[in-house]
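One structure is given here, and the rest of the page talks about it.
Going in written order, the chains are labelled A, B, C and D, and every chain counts its residues from 1.
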Amino acid sequence: MNYRRLGRSGLQVSELSIGSWVTYGNQVDRSVARESLAAARDAGVNFFDNAEVYAGGQSEVIMGQALKDLGWPRISYVVSTKFYWGLNQAPNQYHTLNRKYLLNAIDGSLQRLQLDYVDLVFCHRPDPATPVEETVWAMSDMIARGKALYWGTSEWSADEIRAAWEIAERHHLHKPVMEQPQYNLFHRRRVEQEYRRLYEDIGLGLTTWSPLASGLLTGKYRSGVPQGSRAQLQGYDWLRNELTNADKNEIVGKLAGIADALGCTVGQLAIAWILKNPNVSTVITGASNVEQIAQNMKAQEVADKITPDVKAQIELVVGDADD
Amino acid sequence: MNYRRLGRSGLQVSELSIGSWVTYGNQVDRSVARESLAAARDAGVNFFDNAEVYAGGQSEVIMGQALKDLGWPRISYVVSTKFYWGLNQAPNQYHTLNRKYLLNAIDGSLQRLQLDYVDLVFCHRPDPATPVEETVWAMSDMIARGKALYWGTSEWSADEIRAAWEIAERHHLHKPVMEQPQYNLFHRRRVEQEYRRLYEDIGLGLTTWSPLASGLLTGKYRSGVPQGSRAQLQGYDWLRNELTNADKNEIVGKLAGIADALGCTVGQLAIAWILKNPNVSTVITGASNVEQIAQNMKAQEVADKITPDVKAQIELVVGDADD
Amino acid sequence: MNYRRLGRSGLQVSELSIGSWVTYGNQVDRSVARESLAAARDAGVNFFDNAEVYAGGQSEVIMGQALKDLGWPRISYVVSTKFYWGLNQAPNQYHTLNRKYLLNAIDGSLQRLQLDYVDLVFCHRPDPATPVEETVWAMSDMIARGKALYWGTSEWSADEIRAAWEIAERHHLHKPVMEQPQYNLFHRRRVEQEYRRLYEDIGLGLTTWSPLASGLLTGKYRSGVPQGSRAQLQGYDWLRNELTNADKNEIVGKLAGIADALGCTVGQLAIAWILKNPNVSTVITGASNVEQIAQNMKAQEVADKITPDVKAQIELVVGDADD
Amino acid sequence: MNYRRLGRSGLQVSELSIGSWVTYGNQVDRSVARESLAAARDAGVNFFDNAEVYAGGQSEVIMGQALKDLGWPRISYVVSTKFYWGLNQAPNQYHTLNRKYLLNAIDGSLQRLQLDYVDLVFCHRPDPATPVEETVWAMSDMIARGKALYWGTSEWSADEIRAAWEIAERHHLHKPVMEQPQYNLFHRRRVEQEYRRLYEDIGLGLTTWSPLASGLLTGKYRSGVPQGSRAQLQGYDWLRNELTNADKNEIVGKLAGIADALGCTVGQLAIAWILKNPNVSTVITGASNVEQIAQNMKAQEVADKITPDVKAQIELVVGDADD
């Protein structure tokens, strides 16, 4: 496994990492979670991504229990959580980044995870109803109190990220270090255009999510929605339209051709393509089971085969299909 | 219930809230307090106002016990306290905002309230004998130590509030977020004139007190002081003159006419009129009993009926009767 | 008792206060200490001065035990300690204001005093071998950690005090609030000349020591060294020459004449004269026994009799006898 | 023993001190460690140097146990540790100065040393893969949390040290106070040339290591590698070439002549020469046994004999043999 710095920070994260979104708490039980984490670690993964909202807090409970069962030294892995949605649809408890919610949320997450601190804590979305300064103070206070080591954002605009960084610089608070954007062959603009100056100006690191565009880039939706797939889960109806889009599935078909030529799956190709972006610190991948992890990890070898020519070829196929 | 941001902060407070002044510890026993809080919460109220000095600390004791009995999640409600008068008439214990008093007072309040922290803590009055810088440091330290989430002032001049904000900005301390001024149809100048620039410049929020001008705006003093009213309580003699002022009671009579036309009481009209001011974050109302709460809550619906025309009509009746 | 602000701070101190130098641990046993503190408090004294070095730490032990026995609420009194000499003549343990010594010393003092915090903590002398910045950080850290409320200096030059204040202002640390200088009719230059600008520029408060010039101003040395006086104690040989100085005792004789005319002792006159200086926050007086306290407290009434004319008369007698 | 300020800080360190590198955990057992520390202290040594990496953490364990057995007051000695290499060759655990590693490492060291805090904590080497700002924050946070009193660097470039100092000044964090460079007659450039401006500009102190150039300057390698010497230990093969260098051993021979004339060993001469550099705060010497300590301590007396003429003579012999 290769390790990369999380942006300009000194933290080393494996270039492929594991996310618990959807997976834990919904489809995966405890023993599968434990086995998946163990398999990922055997492959060199050191970063495990989480959020308060995933499965209503149950993702954290399952990952926390698995980590406890596995008994690895705390220094050897990196765990994250994220705050914004909250667990109850009531004022100050959801869709917020205010001080009251954030300081309450971190205590809840640490309890569910059975940890003294998380390594990374994210503002899961921007909150236009809370001043950036209030949020920066609360995130910085989490770090000052030893409840987290680094903080960052997820799906914030470049302007919002820079505002947070500048406020922290001015008031001598802990600065945001990383952003967690969606990034894949069908969703490129923010990472490649909007954030462009931030990599150099503030040393922003990226922990990207949805490398397979919710599964679209696995090719499994080319002939409709298969049984047991995520697009059939309750509460994920919004995905179905996106995943069965004809134009995109046609592109996936062409990518499958390129993948065949390289001797890999289209999913591996899609992940490997992300790895070629030096501004990406780590690609968060799914972890429904040990086999899926094994398949995803092979993307590292595929990345070695993505020459500048192959990369150009891939991007030509995708064209301007950015959503 | 509508919720509003506390000024420019991210905290959401119900636009109608409950204060324990006079009520708890004096006239209301524990079970009534518990029932009143429960009724208010059922109506959507999430902010409960308090102060060290109310009933010599007994307000905090009763509210703390009621909150404990009710067992609501801590994240779901907002509690305040205020410091300035202290509990003993001795140096450093009353009429002060010095560091020694403030850091001692917060520990006492948290103990009486049986809480780990209050959401809001106010400097109950300005103290010309303590530098604003000393007070700002002590209030900010309360927040840094996790004993409060936001701090503000009560009945400070615009100049004093701005001084506190600027000192906090310069020294990178937690800034004041809100002010608790008296505000009602007979007391408008400070909120509408003096603080005018602060709403935009520093994002000041308001938690207003005495919406009914100590009861004058209920109309119940139009024919003298009724039995059992607050104006008959010991230690509140000063209120009696104010409440029986003939000119003002005449105005209340005219307001009652407008209220009749809208199908509400004059008290509901008075509260609803405050709700039309967008700089007000929440109107603190009394809570002697469940029925009073129910009556006050109806002011929300009345507010919908206060068109610009009705508002102009109300303000014409009041004229320059500001005290 | 009158109370004065400690300089521009919000802390109120009684204009006459009690110091444990020499007294406690040397000449006074526990029950006498307890009675003396009680008598002082009955007279309105709220400030009790201490230092690590007094009687090798025993002053703090005796005062701590007396305070515990007396059981007053912690908010009601102000206790100080001072650091510089240390308890052992070894590197980093004496004649220093370095971080290691200071952070170690405060814990020792709080243990001896049986207190959670002192109100005032002083740097007992300047230390040219430690940067002012290092000392300012350590003193500010004591306050940030809740082990003291205010910090100051003792016998620092005006330049050193201003340097400490400016460093704290620049680095947003807790600023020095007060200085404890020797001040009496025979030792005036520093308070009246050297510090002159500091009262207005930084709001410096003064807790003055040696109001009677080690007893010289009681007049009891006018005919030699009396039995049992401090000048006979072991380790205080240096005092003897000073106290038996003929010129000064002649001045004391003339002051006694003025005192007679006012119906007070020369010691009361000397203390009362200090009280007329508005830059003095409190005059620390001795407390060997209850009678001595009673005598010193009368200086307050004498102060009312020191008209501008009497003050000029006193200062004419003293002339330029400043040591 | 003479004591010197650690650079411009107020901390006093003995000009000769004891390091546990190689010695403890490898060649020295517990009782020898205890006796060696006791002998050093009897000679006036108050600084004992350590590092996480020495003997894989066992140096700290042995020194911690010895200190506990000896029972000296904590104020009376100065203990250090250093972080960079870590105890496991895995990401975020070695060759790093990132926040995760540093905050984890200090807790491990304190546990092994059985101490509440170390006096000095060093960044054992620069880490180009972590921003200086991240490292400065983590080191400053260790001090703010009371786990260390002063922090510094080891083998950082002048530019890196100044960068750390300036970042701390700008963000109001605890500044680096000292550097631990190699310094001896064969390794002079960094201390004498590169750091030249830092002594005055930021008051840098030096705790120098390898005064005898790993034993080369004892003269014992003049006729090959003796049995049982450090150059024969496993894992120290790299030393052998250096120590048997013919040119250097010839210089050592000439230095032995000067030493003979002064009536001391060449090792004592080499240490004494370092003591003549006023920018050196303390020379860290080895401590394999009581006899070695006794021999090294005599360098103090030798230093008195190194007149400007003798110093010039020594430096003429060495010439430009700087490695």
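Observations on the structure shown:
Just so we're on the same page, contacts are C-beta pairs under 8 Å (C-beta built on N, C-alpha and C of every residue); 3 or more make two chains touch, one makes a residue touch a chain.
Which protein is which chain? UniProt says A, B, C, D = Voltage-dependent potassium channel beta subunit, animal.
None of these values were measured; they are calculated from a predicted model.
Homomeric contact subunit C/subunit D is classed as different-residue, with under half of its interface positions used by both copies. Its C-alpha atoms fitted onto subunit B, subunit A is found rotated by 90°, rounded in steps of 5.
The centroid of the Cα atoms in subunit A and the matching centroid in subunit D are 44 Å apart. Along subunit A, residues 172 each make contact with two or more other chains. For subunit D in complex with subunit A, the touching residues are 88, 90-93, 96-101, 103-104, 127, 129-131, 134-135, 137, 141, 145, 171-173. Put simply, subunit D touches subunit C in their complex at residues 3, 5, 8-14, 46, 73-76, 78, 119, 144, 146, 149-150, 172, 174, 203.
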